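Two complexes follow with chain A in common, the first pairing it with chain B and the second with chain C.
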Partner chain A sequence: MRRKQKFFKALLIASFVAAGASSCQTSRKNKGSTTKSVGVPVGQFRGYQRINALIKSRMIEPGEQSRGFDLSGRFLGSYDLALLMGSFTDASGKQSYVNGDPNVVSMTLWDTALTGFAGMMSGYCVDAPSSYGLNVRGVQAIKSACTAWPNGVTDAQLHELWSWVMSFDAPESAESDWKAAILDPASPIRQLPAKDGVAAVMRTIFMNPWFLLES
Partner chain B sequence: MSFFETMSLLNRRQVFKTAGGMIAALNLPRVAFADGEPAGEPHYFMHIYISQGMDSTSLFDARPLGFTQAGKIHNYFGVEPTEWVGANGHKTLVRSTTDILKPYKDDFSVINGVVMNTAFDGHDQNALTMVSGNPFGGKWFLPELAGGKTPLDYLLFGNFFYSGALTNASLGLVSSTYGISSLVKALGNRNTNGASEDAIIGRGLMAASNQGGGAGLFSSGAAKMSAGLEGSKGLIKLMKQVQPAVGGPSAENDTKTMIEFLKRGLTTQLFYAPLFDFNVDSHAETDAKKIPENYPKITQMIADVFKTLKSTEFSPGKSFLDVTTVVVSSEFTRTMRQSEKPIDNTGTDHNPLGNSVLVGGKGVKKGCVFGATDLDVLTNNEFSGVAPYHSSLDSGLVKMMGKPIDFATGLPLVGGVNEYDPAKFLSFSNIANTFMDMFNLPPESRWEMGRNLPKAQSLPFLRG
Partner chain C sequence: MRSRVVASGIVVGLLLAGAACMQRRPQSRVRDMDAGHDKARWLAKVVRTLHYRRDLQDVPNYQDLLNMSRPEAVDALMADPLFGDSVLDFGLYFLGFQQPTIRAGNDEGYGTDDFSIGGFPQAIHAAQAVASGGDFFTLFDRWQPRYLGKSDFTPNKTGLADGISDADARGERFKRAAENLKQAIDILASATSVAACAPFQEAKDKFSDELGQSGLSFSSFDFGESESILGCIFSGGSLNFAAAKAKYEIKYNWLLELQQHREEWIAAVRPAKNVMEIQNVDLFHVPVSPEQEAFSFKFYNAKVNSSTNANRRRAAYALNTFFCDDLTPLNVALPAAHAGQGAHASDPACQACHYKLDPMAGFFRTRGVAGIDFSPYPYFIFDDQKNINGDALAKYMNSWKETIPELAATRPWRVGYVRSPDMTSPKNTWGESYDDLFKIIREAPEVKQCLTRRMAEYYVGNNLVFDGAWLRQLASKYDNAQGPATSAAFKAIVKDLVLSKTFAMDNPSADQCYDFPSGGQAPTLPCKVADIITRNCAGCHASVNGSGHLNLKNWTQGPDGVFSFEHNGADGQRLAKSLSLARIMERLSTPDQAKLMPLNKSMPDVERATLYKWVNDESHSGH
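== the complex of A and B ==
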């Protein structure tokens, strides 16, 4: 019986390792390649369209997904700016990916848009839901963190917020490092009221390179 | 000399190059950005772009009514064009559409007969030739003029569909008066809790940039994120000071908003590409017939930009037009007719062989007319004196083409050239290179006359 338990435990660990390898590391097939199949070079922004799609599929209520989710239009006021955030274009009749290298302008735009989005999400702390309906998982995760903020917030609650946004895109070390920074009793972020604190938490996830960059 | 004085003498790229490490790069740009333009009078540049190919024969390069009666060129105006005489004595025939610009005649010069391209006649290839000297895209000359001295290399106001094909089009803003208003508002509403959040974000970026010894592309991307985020503080500070013009989109309001970017030291380079409520790309005869009704909207827009630049004070006794070089161009002009259609019911196609360009403002000789196009003489209702090179490039004789010019005076040469040699014709490369001279760009920046050809010469006659 004990040998059987050991076997299943080993199998479980092996499957987690395999899952981690497939999501976080360059596959053997792609080794040496700097470009993923979507055409975005490693180390550049995943791109405006892709981040929008990720947010929609991971964080927005299925019934709301058919409504256009547009970070730039909603939080920057102009869709024109999306071109500067890493974007596909068909200028000159050929598809190309442009402005993917992070710089002062693109970081200003990403940070402003995602800060706006994070602020809107924290509205759930005070029962002011966003105009874009977040999915049930997200609403529960935010409300739970708000209620416990700051001293009662747990590792598990933070994990839920992180994995809701990040899915399996980041290595465990990135998550652990982030949680340690949030849970650090000396962190000034913990002095903030719940609504601001949770907005800050969400912004720090969004602005993590494992979310914004092609890995 | 203090550290801050030293930094203000370095341009942004020098700052990054000399930073020598990520930590240094994180902190230095903010110093340069906050200080804005170094001491001394700035030199601004504004490119007004009319997209889709504007017909120069309906503006500054018209033909007499007799040419229409001979079936050579459409004339939906129904009247003779008038003369526009330059301060240099050179003349051109113009349409009534240019009347709106007469009050500003001494503020700009007309350059006719500008060859955009002899190999391609698509919108994108000619638009890219106009901004980068390469029909397939390359380095946009306008951000190069900025010299990396301001937070933004340029402000693109309006719609330039082809900017994605330009390799250096990233460090600028693409927007409109409405978009800028929204962005300034969004920046004003930003509610972050400063250092504490930034420290956590910075910790994640630092870990990622050190991953694998910091040698990988992902690590490099994380380091660029760090530098960009740090630099954004200076940019946001300046952007929050911008006061967009109040009211709906108009050339006047757009120009006022663009001037705000100059005033705040955010950029020195403006690209203005307004959209019109009619089809400039007048292949259809219905669109061509509306030119007399529609083109005054284009010239009114240009007049409004000049008016706004001229009426906005830069310093006592000086307007923004005194410190801004202005160029107005479309990617090409249009054919005189479509061969298969009757002359009174024809549209117009693309003609990259003989464009018109307006130049004005700082550093430019104003009030003059330079260059000219051919197909300007009729004998027994047929074009006469057509050069062999023209027939080889346009066998149907529907495209007016730039005449060879005297590069000392900017005036057309009479005869003597039988083969097309780009060194003898005026092209947009000559004009762009002249701007690069004005902004003291290094010689290697200059555009070539064509693929694998020598650099195009600058135009001394244009400097004033």
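== the complex of A and C ==
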């Protein structure tokens, strides 16, 4: 019975994610406004390879762990699923970018992979996982947020988490909107214990269109 | 459990908010780029673009860049050797073979093997030219440097038991490889018939296996020999065994030298940190030409020559890649006179493309399976393994012979870049060899225009529309440029592109232009076709009182509230958009030369196709 309940809850969440994804797609009228830049289209995912590379560059300590980092292999259990998350393919001997438009499947895969990643990150709230190689800046930012969670978390701490992941990808207004949602005293996210709360915070940054989509 | 459900609910809510945010993004606006965070965002985009996906925070002195003016920052980034990465990636994009990454695994140098970017040496060569102030148009040259593949040498891959040093293991492998190569040469020395091919191949395979186990890959060593082996197998023993033996003896002697100098040469191999450090095979003193053809195995593998397409696929690639001609089939090219007989000359629908496709295919006519040049052989093998000789081979080759007697007297082949279906037209550029093809590509103005369009797509955004006059102004920087001036022109165009208004926008509208020629104004016509109409049509169709009662100078709102051209019928009333566009489409695509527009004037195929497609799209837009 419990398994069934869990399944339906997962289904519900996936449905919401899918609904979110479908509304992310460009309308027919605005279809043409998806534009490619440096090989990857605006309005489409940046692509698996680039998101993976961004995470390595911004968030993982340089070295062996950074070299071997692979979101899909690590959090989805398969390297092949990356193809469905916006990826280059070599069909017919010609490279092309495929599955770039957000859809139910790709959004679910991204959410699953990045939720797993965010969950592992928040392990630093209790004890730094030895198999994990976040860089110093990230570890400090997460520990700082965990320690202050929920009522002591400041605008500056959230800014540090945001800019660590997002760098300069998003306009300031996007950050302000996001911080306001997190800092809102009525926000249910603040009811969560530190580990889950910080994981949820990280997940919302990852799933932000300014991070996932080409701009 | 409860906290997980709450967390999921929160995230779902935020995801939906994010989705809504995505919907808000198309509200484009040009920002004040010199203000704090926005300038940093612009700079981050410039760094990603000019330094190939590099993150702004990975630039050690990015605060210095932020303190510069935008043009100064662009100059500084283009002066950095890492700018070569984007030039390399652009070269691959232009050639239609952009790769998932230009890097090899684990960020150790570039993926220069034949199966990745090494398959397109012209892209590497051109990137090095831009970085060193050389000739960027080496991108269009037939002969290119032969670069050292990333896996051509992997020092730790010796394949022998533990306890043997790498150097000793390599020595042992080289020794065994040399023994096998000597055996293959001995077989060639006594070969008299095709029966020698199989044992020769066996000995050669053992040699390459040993060489591969040494850490030096076969690809570095076997340049150009595949033709000989294929020849041996397919020609019934017509291979010149003495010549092959001589070639292999040269390689054998080199192998002995390699044994002697191996550690010294190997020590010189370095993972390249930027394009200028990509090494040439000269490093190993390989006794083959230091050059290779621009059209590589990877190209031929992707663009096969089957017995049914007879090189048209390669021709279509060349027209689309270098001339931006995607062969939109318009039935305007009915060859009424001076066209002669082609493969599809009797069918106007086919001839719409084939009048230019067939002559382009002729440049590839001797290239068969895997791009092998079969001109020395009395047979020809296609990629689908069909083997022709005798009359069938003669028929295949003769399909490119000039059929108009007075023209055949001066040029035997109907091979070239064709701009007009009239084969006597001086607009067409003729040739017969690869050298001629690459010369045409280097010199044709259409290629510079196409190159500039592709640059705009790559550096600013694909699927965007750009004002044609603006692109022509940018392309004019290539006018008369040669040598170092070509890389200076390339950089100047890139600079203009990343400093453009379009580049600075978050999400520009795909059907709107934001940049126009200096001193120019935004056209009153839809910008996708404004330049084409202005140059080809609006001179005559300037007023409803003039030719065709059609004013092509303005795109205005009609009484029905729909935007269209001012186009009146015989009754003096403005035509509905759908009717007006249908008439225009008919005049753009009729084979009747008395009706085809522009009347008694030529219009480049690419422009006609662009205009036709736009009119067609508009006529179906419903507004």
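Structure notes:
The rule we apply is simple: the second predicted complex is superposed on the first by the 173 of 215 C-alpha atoms of A that agree within 3 Å, B and C clash if a C-alpha of one lies under 4 Å from a C-alpha of the other, contacts with A are read in each partner's own complex, and residues count from 1 in each chain.
Simple rule for what comes next: contacts are C-beta pairs under 8 Å (C-beta built on N, C-alpha and C of every residue); 3 or more make two chains touch, one makes a residue touch a chain.
Since the structure is predicted, the reported quantities are computational estimates derived from the model, not experimental observations.
Of the two partner chains, neither chain B nor chain C is touched by A:V136.
Of the two partner chains placed by the overlay, only chain B lies in contact with A:S78; chain C stays clear of it. Contacts of A:R58 after superposition: chain C is touched, whereas chain B is not reached. Contacts of A:N99 after superposition: chain B is touched, whereas chain C is not reached. Judged by the touch definition given at the top, the superposed model places A:V126 against neither chain B nor chain C. When the two structures are aligned on the shared chain, A:G116 is found in touch with chain B, with no touch to chain C. When the two complexes are laid over each other on chain A, chain A has residues 34, 41-43, 87, 92-93, 111, 115, 174, 177, 181, 187-189, 192, 196, 199-200, 203-204, 207-210, 213, 215 in contact with both chain B and chain C. Against chain A, in their complex, chain B makes its touches with residues 29, 33, 124-125, 128, 136-137, 151-152, 159, 161-165, 169-176, 178-179, 181-183, 185-187, 189-193, 195-197, 199-201, 203-205, 207-209, 216-222, 224-225, 227-229, 231-232, 235-236, 239.
In the complex of the two chains, the chain A residues touching chain C come out as 9, 13, 16-17, 19-21, 23-24, 26, 30-39, 41-43, 49-50, 53-54, 57-58, 67, 87-88, 92-95, 111, 115, 167-172, 174, 177, 181, 187-189, 191-193, 196-197, 199-200, 203-204, 207-210, 213, 215. In the complex of the two chains, the chain A residues touching chain B come out as 34, 41-45, 75-78, 80-81, 83-84, 87, 89-93, 96, 98-99, 101-108, 111-113, 115-116, 119, 173-174, 177-178, 181-182, 187-189, 192, 196, 199-200, 203-204, 207-210, 212-215. Note for the complex: chain C touches chain A at residues 3-12, 14-23, 25-26, 37-38, 40-41, 43-45, 48-49, 52-53, 55-58, 86, 89, 93, 96-101, 106-107, 298, 301-303, 457-464, 506-511.
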